[in-house]
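Two complexes are shown next, each including subunit A; its partner changes from subunit B in the first to subunit C in the second.
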Partner chain A sequence: MLTKNSQQNIVWSILWAITILLMIVLLLLIGYVFVKGAPEMKLSFIFGPTTNGGLMTPIVGTLYLTIMTLIFLIPLSVGTAVYLSEYAEQNWFTEFVRYSLTSLAGIPSIIFGLFGVALFVMIWFKKASIIAGSLTLTCLSLPFMVATTEEAIRSIPKAWREASYGLGATKWYTIIHVVLPNATSGILTGVIMSIGRVIAETAPLLATVGFSAFLPVSPMDGTRTLALHLFYLATEAPTVGGLTRNDLLSQAMAVGTVLIILIILLNFLAKLIFNHFNQKVRGFK
Partner chain B sequence: MSKHEQFSEKLGKSLIFIFASISLLILLSIVFFIFRDGFLAFKENGFFHFIFGHDWNVQDNTFSVLPLIVGSLVVTIGALLFSVPIGFSCAVFLAEIAPEKVRNIVKPAIDILVGIPSVVFGLLGMILLVPYIRDHYGGPGLSILAAIIVLILMILPTIIAQAEDSIRSVPSSFKNASLAMGATHLQTIWNVILPCAKSGLVSSVMLASGRAIGEAMAIYMVIGNTFTFPKSLIDPSRTLTSNIVGQIEEAAVGGTHLHALFGCGLILLFIVFILNSYSFFIKRRGCRSC
Partner chain C sequence: MKKNENCDHIKLSVHHLDFFYGKKQVLRKISMDIHKHSITALMGPSGCGKSTFLRVMNRMNDLIPEARAIGTVLLDNEDIYGNNTDVVKLRQRVGMVFQQPNPLPKSIFDNMAYGLRIKGIKDKQKIAELIEKSLKKTSLWGEVKDELHKSALSLSGGQQQRLCIARAIVMEPEMILMDEPCSALDPISTTKIEELMKELVDDYTIVIVTHNMQQAQRVSDWTGFFYMGDLLEFDKTKEIFHHPKEKKTQEYIEGRWG
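Entry: the complex of A and B
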């Protein structure tokens, strides 16, 4: 019979081993992507035209799509969050809207892809395009953005609003000058998470954004994002002359490297903003 | 209030109201489209045939999805069988045992892993796992086993992050009381902390299974996508999601083919809904007992 302490020591060592092993496996995988991708990382590859196998179109396309998505997403989600927290009466209907938004957040992203095809591609714009893709991504990110923004708005002390009303400010003035400025970092964190989703999501974009390799000009043009480009490289047969399957796979690894670096940078940015916000709140206390 | 103020007040309010209505409209139209086109698939193929049949023929316009449901469930359950014990162990380790220094390294790493695009995991599976399985276990390599392993790696960070949060949220007075009674730290974790964190742990599993069953791209890249019932782990198969991925471009012209994909989506939604309700139920019960 083991003593209680040696029993505990055994379990402790097992837990240490599992965690360290897991972290090593995950780091090795990420490291593998970097090592395989690094030899491809030449300026001519990153900024070369995609029709010759470069990354120019996916980079421009990702940026274009991110900006378009944010243009739709930010006003919609901030507006909805302000409505839910400042204007709406707290009744069953508001609760229903909030509940529906929460459940929408759990829907698999591929279903948003189907929805985007049925509404934006087939009915509204008649073709897969940047605007159809960005509207699809807006629907996908909306529930999360509304929840984050509402939480940021709700964490603002009621006394601040009352102080503003007490000084004679109107409700709208209070929202613009007291509520929203203090919710900025919460909103920004949500925005960064949404950018992360635009960069990482592929399923909703498969049939909504087209897969044109040419540089997009108008929002009605098709394009591809980095993640989509990786997917095509990995699954489609070689189309550019002289390239083998292995060439395409190592190019895909290079795209993967770019993607992982972007995600790490975004995480870092989110943390900076979060810390900034925390310091500000502490300052008030 | 001056006239100008009154005007901007009204303008602001209506602006906010318009944005909120658009959001609500989006919400309703998503529900509307999924249910309308999903039900059309049931109608066009016959409800029982669509769910319990096993043919998927685009030329003849006959669709049914039983192998896809089986594929989705097998892959998800297989991934959960491994990732739940591993994930909980890591969560306990991070929340209770790990020194601050280790935690400060591991936690941010997990946050980053949660955000890594699923296509990257799929690509790794294609390059590392598929050839390995083909060479060592036979079969085409593209298989359920590959999909399960890729999924395990993908959902582990989610489980760890959520489970650790719920373990940390157990009041420290519970833990101290147990320790003061002479229980060891291990006994305290097993008998006090884990039971108290149960509702959070269950919802972390539900969240992860939602992610697993909804994951499309990574699975599509490694599962081989053949429309068959899998007979062993090294057989290729197809899931509800990978079926949609493989055909969505082709079906983007509408008609019965697109409806059939919506039917897959609706079934997927139904499964996710059951998972969510279960975790909601557990959460409420958990609150009452604590």
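Entry: the complex of A and C
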């Protein structure tokens, strides 16, 4: 018989080993991309015009698309979550809406791409554009974002609402001053996941934002994201300027490096903004 | 305990109140008149419906979807369960201190200012003055005056409860409902709160739930004794404690159970 203590030690060691293993795999993966991409990581490549093979358009396009998507996504999903948890009567209809949202979360993103093409590209905007792409991504991220926000809203203690109502607050005032400020962590989780999707997805964007190499100006312009550019590099035959397969591969790795750095930066930025917002609404200066 | 029409000295009058959570009835045919500028104590064993009854008076139970109140509750002769009652106004007129301290996850200052801002008071100077006055009344001022911008959640349980009392008082309601306000407080703070109640009663009407017989005797003018959803006895506090009419009341007071 093992003592309680040595049992604990064994469990602890196993967990520790798993964690370390995971870390190593992750570091290897990122390290491999970074090392392979390093020879190509020149400023002239990263910030060079895409018509000459640089990454300017994919970087700008990715950021543009991220921002546009969040502009649609945050108000829509927070509004839906507030409605579902605070206003809607809890009946078969709200259950149905929730169930639909959960099912939507499991649908392959290419289906959303098809839907985006059918509605936003063919009917609304008549061309592949940033706005069509961001609306498509909004549909894609909405289910998850609503779920995390609703979860956060539901976990707010009843006592806080009571305190607010007890001081004569209306429902709306309570939502603005108590409910939402304390749901920011849930909203943030959703935002970070959504940023990840904007950056990582290719399938729903192929036909909705297109492949344009030119710098986008208006939301009606098409563009390409880093992931799309990767896709392009990986599938294009080595014709441009006599580049070999190997050149293209290390270019792709460099794009991967930029992509990883961008994700880290954007998540960090999102956290900063939310922390700032959080402190402000809670009145801790 | 008959219904008082046109009685100037009655602040709130409950008549034939039945209360249900879903199908479960927790209050039966309660009638009670709360006198102006008096302290009314509600007593009784745990689970007999005291908190529920208290929350009837400012319609706090509205927040519970399956809760239902039937009967009349008149505040200054107006039915608060009537169709044209503004619940928000009602809760500003009838303030509440909850059984568990429930500061909002904001700074001490913002907790105090929360209701004032709802009332529409914008003047920063005025807000600060009102807050200082109320915090002094609950003797919290000395402890927190240098850290008003600290989170209210970082206060101790007793401090939180005093903050909640101050937060209710700063609104200058007409009536204050207190659900065991002293259960988390040390004897000194308790004495201070009791003194505060006696001071406030000149301007306000106070209803307090308490398990503490000494406290009820010390502060209250009227006492109601609840037992399993019934109001067994309601009378002047002296009468209840010295000449209880019901056997159950007497047993409870003598501490034989509960």
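Going forward, the second predicted complex is superposed on the first by the 226 of 285 C-alpha atoms of A that agree within 3 Å, B and C clash if a C-alpha of one lies under 4 Å from a C-alpha of the other, contacts with A are read in each partner's own complex, and residues count from 1 in each chain.
The rule we apply is simple: a contact is a pair of C-beta atoms (placed from the backbone, for glycine too) under 8 Å apart; a residue touches a chain by one contact, two chains touch by 3 or more.
The structure displayed is predicted, hence computed values, not measured ones.
K.L.:
What is the contact status of A:Ser13 with respect to subunit B (first) and subunit C (second): first, second, both, or neither?
P.N.:
In the superposition, A:Ser13 touches no partner, neither subunit B nor subunit C.
K.L.:
With both complexes superposed on chain A, which partner does A:Ser155 reach: first (subunit B), second (subunit C), both or neither?
P.N.:
Neither: A:Ser155 stays clear of subunit B and subunit C.
K.L.:
Check whether A:Asn182 is in contact with subunit B, with subunit C, with both or with neither, and answer first, second, both or neither.
P.N.:
Only subunit C is touched by A:Asn182; subunit B is not.
K.L.:
Given the touch rule stated above, what does A:Thr170 touch, subunit B (first), subunit C (second), both, or neither?
P.N.:
Once the two structures are laid over each other on A, A:Thr170 reaches both partners.
K.L.:
Would you check which partner chain A:Asn275 touches, where first means subunit B only, second means subunit C only, and both and neither mean what they say?
P.N.:
neither
K.L.:
Does subunit A have more residues touched by subunit B or by subunit C?
P.N.:
Higher number of touched subunit A residues: B.
K.L.:
After the superposition on A, what does A:Ser100 contact: first (subunit B), second (subunit C), both or neither?
P.N.:
So A:Ser100 only meets subunit B here.
K.L.:
Shared contact residues on subunit A, subunit B side and subunit C side combined as an intersection?
P.N.:
170, 173
K.L.:
Which residues of subunit A touch subunit B once you look at their complex with the stated criterion?
P.N.:
Listed in rising order, the residues of subunit A that touch subunit B are 4-5, 7-8, 11-12, 14-16, 18-19, 22-23, 25-27, 29-30, 32-33, 36, 75-80, 82-84, 86-88, 97, 100-101, 103-104, 106-115, 117-119, 121-122, 128, 138-139, 142, 146, 170-173, 175-176, 196, 199-203, 206-207, 227, 230-231, 234-235, 249, 252-253, 256, 259-260, 263-264, 266-267, 271.
K.L.:
Can you tell me which positions in subunit C touch subunit A when the two form their complex?
P.N.:
Against subunit A, subunit C makes touches at 58, 60, 63, 88-89, 91-92, 95-96, 98, 100, 102-107, 109-110, 114-115, 118-119, 149-151, 164, 167-168, 171.
K.L.:
Touching subunit C in the complex: which residues of subunit A?
P.N.:
158-170, 173, 177-178, 181-182, 282-285
K.L.:
Hey, which residues of subunit B end up touching subunit A in the complex?
P.N.:
So the residues of subunit B in touch with subunit A come to 1, 5, 8-9, 11-13, 15-20, 22-24, 26-27, 29-31, 33-34, 37, 86, 89-90, 92-94, 97-98, 106, 108-109, 111-113, 115-120, 122-124, 126-128, 153, 156-157, 184-187, 207, 210, 213-217, 220-221, 241, 244-245, 248-249, 251-254, 258, 261-262, 265, 268-269, 272-273, 276.
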